[in-house]
Every structure is written in structure tokens, then in C-alpha cells.
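Each of the two complexes below includes chain A, the first together with chain B, the second together with chain C.
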Partner chain A sequence: MLDTIRTIETPEGVSIRLRLAGPVPRALAWLTDFLIFAFAWLVTGIFLGSSGDFGFGIWLIIAFLLTWFYPVLFEVYAQGATPGKKMLGLVVLQDDGVPVGWSASMVRNLLRTVDFLPLFYAFGLCSMFLNRDFKRLGDIVAKTIVVHRDKPRLAQKLPQANALPLPVWLSSSEQQLIVAFADRVPRLTPDRAQELAQILDPASGHGTRATLRGDVDSLLGYARHIVGER
Partner chain B sequence: MTPNEFIRCHEQEWGQLEALVAARFKYRTDNLKKDGSLSPEQAMDPAAFPSLYRRVCLHLALARERHYPPALIDRLDRLALSGHQVFYGTRSLLRIGQFIVHDFPALIREHGRLFWFSSALLYLPGLIMGLLVYFRPEMVYSLLDYFSVLHLEEMYRTGGAIEIETGSGRVADENFKMFGYYIKNNISIGFQCFASGILFGLGTLFFLIFNGLVFGAVSAHLIHQGSTENFFQFVIAHGAFELTAIVLCGMAGLLLGRALLSPGRKRRKEALIDAARPAVQIVYGATAMLLIAAFIEAFWSSGAYLPVTGKFIVGGLLWALVAAYFFFMGARRES
Partner chain C sequence: MSPDALAVEIRTRTHWEAIDLGLALVQTYWRNLYAAWFVVVLPVVVLALALDYLLDHDSGDGIQYGILLIWWLKPFYDRALLHVLSRAVFGETVTWRGVLRAIPSLLKHSCLFRALTWRRIMPSRSFELPIWQLEGIADPQVRRRRFHVLKRRGDGAIRLLFVCGIFEMILLFGVLGLLFMMLPPEFVSSRLESFADLLKGYEQVPFWFKAIHILIYLFAISIIEPFYVAAGFSLYLTRRTELEGWDIELGFRTLATRLETRSS
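Take a look at the complex of A and B:
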């Protein structure tokens, strides 16, 4: 299993898999957030800066809120993702897979100042490389992880084909292999799919079961039969 | 059972759970619109959630065990995760009233020694620096540059920027500007003072001592200049909240630092995680106090609503209030 997959076990006794996010997507998410932040800061500055001392006071308060609470509010009230994280499909979760609450989010974002030290998240990056779960210091203390929200979506339906009964008996793992292949076909080039399918073709000389037909369409048919189509 | 039969048997339940999760997170799923067999009331019955969620967990385990197609396992995995998040994710309720009346002062008393240690780190260097500057006035330039000192003198001299006099005092707009400035500046310092505690307490140490030194130097210099009254009637009221809050932020930072330096019988990481819980609570309280301080500093300290004696009395009362709050509030429920 890949080492960026973290398994959490629920009290119901099933394990759920989370895909941890590494430094690069997180840095990009931060950059996006920073641009949004800078933009908001400038725009409010232009509008409020020209409206005297009162406006300037409001602007200072907005700057304060943006600096410290922008990530916290989004993480708590927008399903664990600032706009930048959302764009990159990242989400902040507690270690046990549930959404972050106020305290955890506050801790991880206050400690951002230390992670930023001495320059451009150097401490945070070191911490991420030393940690199994890519945690920066704030994540360690707050018990949070950053994961990819969307796993690569597998097609929920196998590709179209007419169900084809298996001509011979196949073991369970062999059946899985055929279904897994059918699952992958849409993501393969036709040539490559055919090449893989041909391994089964008796004419190619590799096939161990001479009665299975080694072309993509037949394999899709077998797969459909295995998952229960008649 | 073939995968397709499995899906046919349970698809409706999955759709229901998806709908419930979507209702909780307030996003729409395609299933809700597509699946005509599901009446909205049926889908939205929250009482059905726990049993549905457990069923889906069971289905996920079965699907894995039976090596059903990856796409199916993936779908169930996704569904179980969102169900898990809804089921076990508590909405953190900030019990503000309870926190103010009981939890916060009780927490500070619980870590009383650390509070005094943090206070000493702020006030002792302040006192020493104050004495140094008072007896050797040129010492002030070891900490502040010439222009800052000039600016200070200008601010607090009789008839200066902080001159407190009806009519010529700061106008409302300017007060508000300063309010924003104090919020941004002081609370940021408080947060940094806390956060840098994770560097084995060194960052917090720096913030406390440095702020103490500056405060001591400034006070002593202004006393030496003869602006004693102007200066102290300005700082006494908000100082009660501001200085105490900085001490509290320092205390929160020291909690983190102490967890790393002497974790006791825990592993350092665990000690740190455990220390973070009270620490962030202290930071909440300190933030509220800094807000109050900013408000007083902007709208009261520079105003001339009372004669000088009155301002000193109000300031003194505020100090007494803060002290009484931390000594006596919430004591009843502790026993």
C-alpha cells in the first residue's frame, strides 16, 4: 500500500482510507489563499483608506481578522477548507477523520507563525518531512491532518458490453483480476488495453486457459457476467 | 451474492445515507434528485441515521471481504467516511457564559505558579530596566532609538498628542483608528507570544522579557522627563487588562514550552498535545481581555471625562476588578 494512505479505524470496526496531502499541494493552496488575502486586503484598503480615520480603523481590524481568523473561520464553517484548499481539493481533518473544531483550528493556525519561521515555512517543511503524516508543527499540536478530499473517482459502472458467460471455472482472485481490468479499460488507450487483453489470447502463446478469449470486448463481457449481469 | 445483486439489495439505503449526509453538510447530491423512489421526508429522517450508518459500515466490510469491484468499495468507503464525520464530528460549542464565569479563572488558578512565573518574566526585567533608566537616563537609548524616544516625549509632554483636555482631545474618528491599531498590534503580539512558546519556550521568553524591558524603559524615561502624571493616567486603566493578558499569553506559551522541556511521564509529542488544550483556552480569554484593553485604551484612556484623580481611581478599580476576577470567580464550583 502507498505510504501516503492513512487508514483510520472507526468504532464500527471498519477501516476508512484517507489520502494525505504532501507539501506541494499544500504550498499551492497556501499561495492561493495568500493571493486572495492580499487582494481582499488591498481592495478594502482602497475603499476604506480614502474614508478618513474611521475607515482606516475598520481596515486595521479587517487586516487583523484576515491575518489570524481567515483560515480558522473557513476551516470551521466551510467543511475544513479555505478557498485555496478547496481549489486544490484539500481538507483539514482531525486525526480520527472527523471535521476540525474551533480549538484545533485555532491551535494549528496560531502556530502557523512558528511554522513560517525562519523564512517561508522552513520549520513547517522540515516538520512535514520528518513526520509520517506530513504534519507541520501546528498539525502535530492540534492533532490535525490535511488530506485530499476527492479520491480519484472510479467509474461506478463497468464499460458497456454484453455479458458473456465464463467458458471455464475461474478462481475468485482470477475473477477479480478480470473485473479490475474492466474497471481500468476506460483509462487505458485502446491499443494498450488490447495489448493487455491479448495476454489471455491462446494465439499469443501466453494464455494458460485456451478457452478464454483474449480481446477487450470479451473481457468486458466476462467482467459484466462476474459482477452479476446475465 | 454477485456485486450487482448486492448493489440492488442495498442501493436504497446508501441513497438515504447520502441524502442525510448531504442535508447535514448542506450540499446537494445527484442521487437525491435522480432517485425518485425516495420521498424527501423519508430521506431526511435524522433518527434513521445511526442505523443506516452502521449498515453502510457493514456493507463496506462485506464488500472488502468479498473483493467486490474496486469502484463499489470506493463508493462505500467514501460514504462511510462522510457518515463517520457526521456521526462522530461534534460541533464544538463555545459555552461562552460558562467560560467567563467559571472555566477561565479556574483554569488560571489551576496553573497559578506558571502565571506568577510569567508575570515575573514581564515585570522583573521591566523593573530592573526602569531603575537603570531612572538613575542613568542615557540607558534608554540602549533599547529605543533617538526618534522613538523623541516621539514618546512629544506624545506625553504637557500639551502633546496625548494631552488630555476637553475639546482638544482626540476626536471620535481618530479614537476609532487607534482602536483598530491596538487590536491589530496588541492581539497579534499576544498570539505570537503564545505560538513561539513551542520553540521550547524561548520565543515566549523573548516576547515577555523584551516587552517588559521596553515598558520599564519608557515609564522610567517619562518619569525622568516629568511626564509622570500624563503617562500613568493614560496607561493605568487599560494596563490592567493589557498587561495581564500579555502575561496570560506568555503563560499559554510557557505551557507549550514546559511540555517539551519536561514532559513528565508522557512522550514529548503527547505532552505537547495535552498542553495545547488548556493553552488555547487561555489564549481565548486573553484575546477577549486584549479586546477590552483596546477599547479602553482607544476610547477612555485619552479622554478627559474625569479629572486626573478620577482616572487614577477608575484605573485602580479596574486593576482590583481583574485581580478579584482571577482570585474569586468560579471558586465555588471547584470544591
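Take a look at the complex of A and C:
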């Protein structure tokens, strides 16, 4: 199935699903970072501008440090995200899903000079369009990926219903599905909600054994039971 | 449109993820998409070149007519791209001949006239396009209501347009920049007072420079426009998944089947 998820198997045999981030959110994250960077540079310039050549020298050193270490420090010490990435809900990881380290972060940020060519990341953009994992050249060399941290939000409160114990055993993903349904009910049309619930209706085929009741209210009840209400 | 036949994983997504899925779609179906793309865009490019050539001898008024023409007809190419893409995700391949055959019906049934006139500047056109073209609602009143049901505040379509616009410019100036980096400086300085002229206005620029400009613009939109359409389509699919519970439907079907086999 076509998707932007990469599944990664850890040595412990656990598989994690990483949701890759593409050029549009990443460009906006870069733009945000750039504005912060420009602001910081400007402010230090105003402060140091009055102190002559010495101040100018310091300013250039600060510019150098900001250019090369602003992204690296944030990526290493702030959970893999510069402020811009944090705003867009993005995180930098190594290819195997572990947090990005010093060397990888240095490499991917040094190679910004290549990605930037010939103007404003045109090479990086082309690379992202051609790479299945949406990597720019720096990501390819440093073996890093950028992924989404934010998930689609669930509503805070499930719709009102009396909690109903589950009549059958359900796996955790199946339980999540019932909760997701309950969460979605307010946004579905009543007809559509009923139609969905009926898929689970026992009338559609089996005998006397206990099973789920396929109507909206019962499913809402199960959902409240699953989230811990009794 | 029934969700279980889709080649795309049905799940809830943030609109960023939906936009990223658009790129995955282009990467998967690029063959079909580009066949359709060049079939519709190349004749227009030839027309644009001819237009600029004919206007070359006039004194000109600084407007880039060729580029304007190519830009203006974008909704037309978008329809061909979406036609191909909306079938590709159901496993049906449309060849370039198929695109040519589909053009008459696309002209008639996808509100192209409106899209080329007052709705040309709508920022959410990538998201509107599937509603107009794929749902085939004839009554404008119903269609408008449908659009309001589907759209929501802060959907990604406007941001998508904004960023795609920037990407196009980056590619356009990127290729120009690359050209100047690669050309010997003497060549550039002898031929290209034109470039300086370009900054002043489009009047004194020779035809060959306009032609290069058009070809580079073609390159930029060839990269971006298929992605733009695919991302809009993906935003539309994601929104419908959410509003109609497609992901729930598929999950419940699997669950019902499991419960059934257990009890038999």
C-alpha cells in the first residue's frame, strides 16, 4: 500500500513506524528558522555596532557560530528539532530511528552548502523530489531522516454514553479502532455512523456466541469502557 | 469511489502528511503523470514560443506574454493530471492517447471555463479541483454546498499553493543561476546586458532569451505542478476519509471478518 510511513525494525525486534516529512513542511520549518536566525543576527548587530571594529569582529564570529551551530546544537540537545522544526512538528532522526548524534547532525548541516546550490536549496529540493524518503543531499550523506512527530489529534472527550463491557476479546489495535470510531462520531453524519456500526452487527451472520452489538450507542459504550470508564 | 479498491493506505493524516503523500503519489505514478503532462503542456509551450516570436518585433510593453499564457492555462493541465492520477490509484493506467481522448469530456465537465476566469486566482484550487472534476455534480448550488462541507479552516491547500509558488521560483532562478555559473564570464558579459535589461523590464530582451526563459519556466512547473495536483488530491482523499470514516469502515470490515471466522 502506498504511504509515507517507513517501518523500522529495532534489534530488539520491535517495529516502529516513522512518518516521513516531505518538502513542504520542511521548507516552512527552514523559513521559520531563517527568520529567527536573521532576527538574532540583527539584534546582536545593533548591540555590537556601536563598539567599532572590535564589535564588528565579534559580530562576524557570532554570525559564523550561528550559521554552523544553530541547527546542530538544537538537533543534538533539543530532541532533534530546531525551533522551526518544533513549530511544524518535525524531528530529525538517524535512518535506524535513534536520535540524531553529533557527527550525523554536523554532516547534514555542513552539507547545507551543497543543498543550497545554486540558489535557495534548489539542489536540496530536487533531491527531495527524487528520493523515496524525501531526503536532501545532506540527509543522504549523514544517513538521517526527518519525520513528523505530531499525530492527528483525538478529541478530548468521547461522546456521552453508558460504559458497556466488551462481550468478546479484542486486540489492542481493535480496541483503538472502536475508540477512534467513537471519537469520530460527532463529525460523521448520523446515517453514516449507523452504516459503519452495522458492519459489526451480529445479524450479518453468526450463531449464538457472544459478539459485539453493531449500533452506534453500544459502540460508544464499548469505547468508554475501553478508555477506562466503568 | 469505494475506498477498499484504492492503492493508497487509508488512514487519518494531518494535512502536512497528506501533502507529503502527494509527493509519494508522484514518485509512484510519475510515468503516467508525465505522459499526460507533456501531451497537454507541450502544445501550449509551442504556442507561447510562437507568440513571443511574433511579438518580438514590436516595441513591446514589458509583459511576458509567453509565460503568462503557460501560467494561465495551468488549470487545464491540472485536469489532465488529475484525470490520470485518479485512475492510477485504482490501478488503471491511462496512456497519453487516453489523455487525448479524454480532453473533450474534461473541457466540458470539469468547470474549466470558470477555473480559467474568475476562479483562476482561488488559492484553494488544488483542493477544489477533485470536487469539481471527480464528483461530477452538475448543480452549482449543490457543488458549493459540497465544497463547504469538505473544506475546513486551516486546511493545507492555501499553504500548499504558497509553498509551491516559492518552489517554482526557486527552481526557475536556480536553473538561471546554474546557467550563469557554468557559462564563461566573457560570454555572459558580451551577450547579457540582456539579463540586466530583464531586471529593468522585458522590452529590449531578444527572442532567444525569452525562449530560454520559457523553457526554464517549463522545467520548473514540470517539477512542481504534478506534485501540486497530487497533493491537492491527497488532501481531498484525507478529508473524505475523515468525514466519511473510510479508515473505520475498512477496520470494521476486518474485525467483522475475524469475529465471524472465530464463531464458525
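Criterion: the second predicted complex is superposed on the first by the 161 of 230 C-alpha atoms of A that agree within 3 Å, B and C clash if a C-alpha of one lies under 4 Å from a C-alpha of the other, contacts with A are read in each partner's own complex, and residues count from 1 in each chain.
The criterion applied here is as follows: contacts are C-beta pairs under 8 Å (C-beta built on N, C-alpha and C of every residue); 3 or more make two chains touch, one makes a residue touch a chain.
Small disclaimer: the values here were computed from a predicted structure and weren't measured.
A.B. asks: So in the superposed three-chain picture, is A:4 touching just chain B, just chain C, both, or none of them (first/second/both/neither)?
C.D. replies: In the superposition, A:4 touches chain C alone.
A.B. asks: Touch test for A:180: chain B only (first), chain C only (second), both, or neither?
C.D. replies: both
A.B. asks: Which partner chains sit in contact with A:12 here, chain B, chain C, both or neither? Use first/second/both/neither.
C.D. replies: first
A.B. asks: Using the touch definition from the top, say if A:89 reaches chain B (first), chain C (second), both or neither.
C.D. replies: It touches chain C, and chain B stays clear.
A.B. asks: Considering only touches as defined above, state whether A:97 meets chain B (first), chain C (second), both or neither.
C.D. replies: Once the two structures are laid over each other on A, A:97 reaches chain B alone.
A.B. asks: Using the superposition on A, tell me which residues of chain A are in contact with chain B and, in the other complex, with chain C.
C.D. replies: 151, 180
A.B. asks: What part of chain B is in contact with chain A in the complex they form?
C.D. replies: It comes out as residues 2-6, 25, 53-54, 57-58, 60-61, 67-72, 74-75, 77-78, 80-81, 84-85, 88-92, 94, 172-174, 176-181, 183-184, 187-188, 191-192, 194-196, 198-199, 203, 256, 269, 272-273, 276-277, 279-281, 283-284.
A.B. asks: For the complex, give me every residue of chain A touching chain C.
C.D. replies: Residues 1-5, 19-25, 27-28, 88-89, 117-123, 125-126, 128-129, 132, 134, 148, 150-152, 168, 170, 174, 177, 180-181, 184, 187-188, 192-193, 196, 199-200, 204-207, 209, 211-212.
A.B. asks: Could you please specify the touching residues of chain C with respect to chain A in the complex?
C.D. replies: It is residues 7-9, 11-14, 16-17, 19-28, 89, 159-160, 163-164, 166-167, 170-171, 173-175, 177-178, 181, 223, 227, 231, 242-245, 247-249, 251-253, 255-256, 259-260, 263-264 of chain C that touch chain A.
A.B. asks: Across the complex, what residues on chain A touch chain B?
C.D. replies: 10-14, 16-18, 52-54, 56-61, 63-64, 67-68, 76, 79, 93-94, 96-99, 101-103, 106-107, 110-114, 137, 140-143, 151, 153-158, 172-173, 176, 179-180, 183, 226-229
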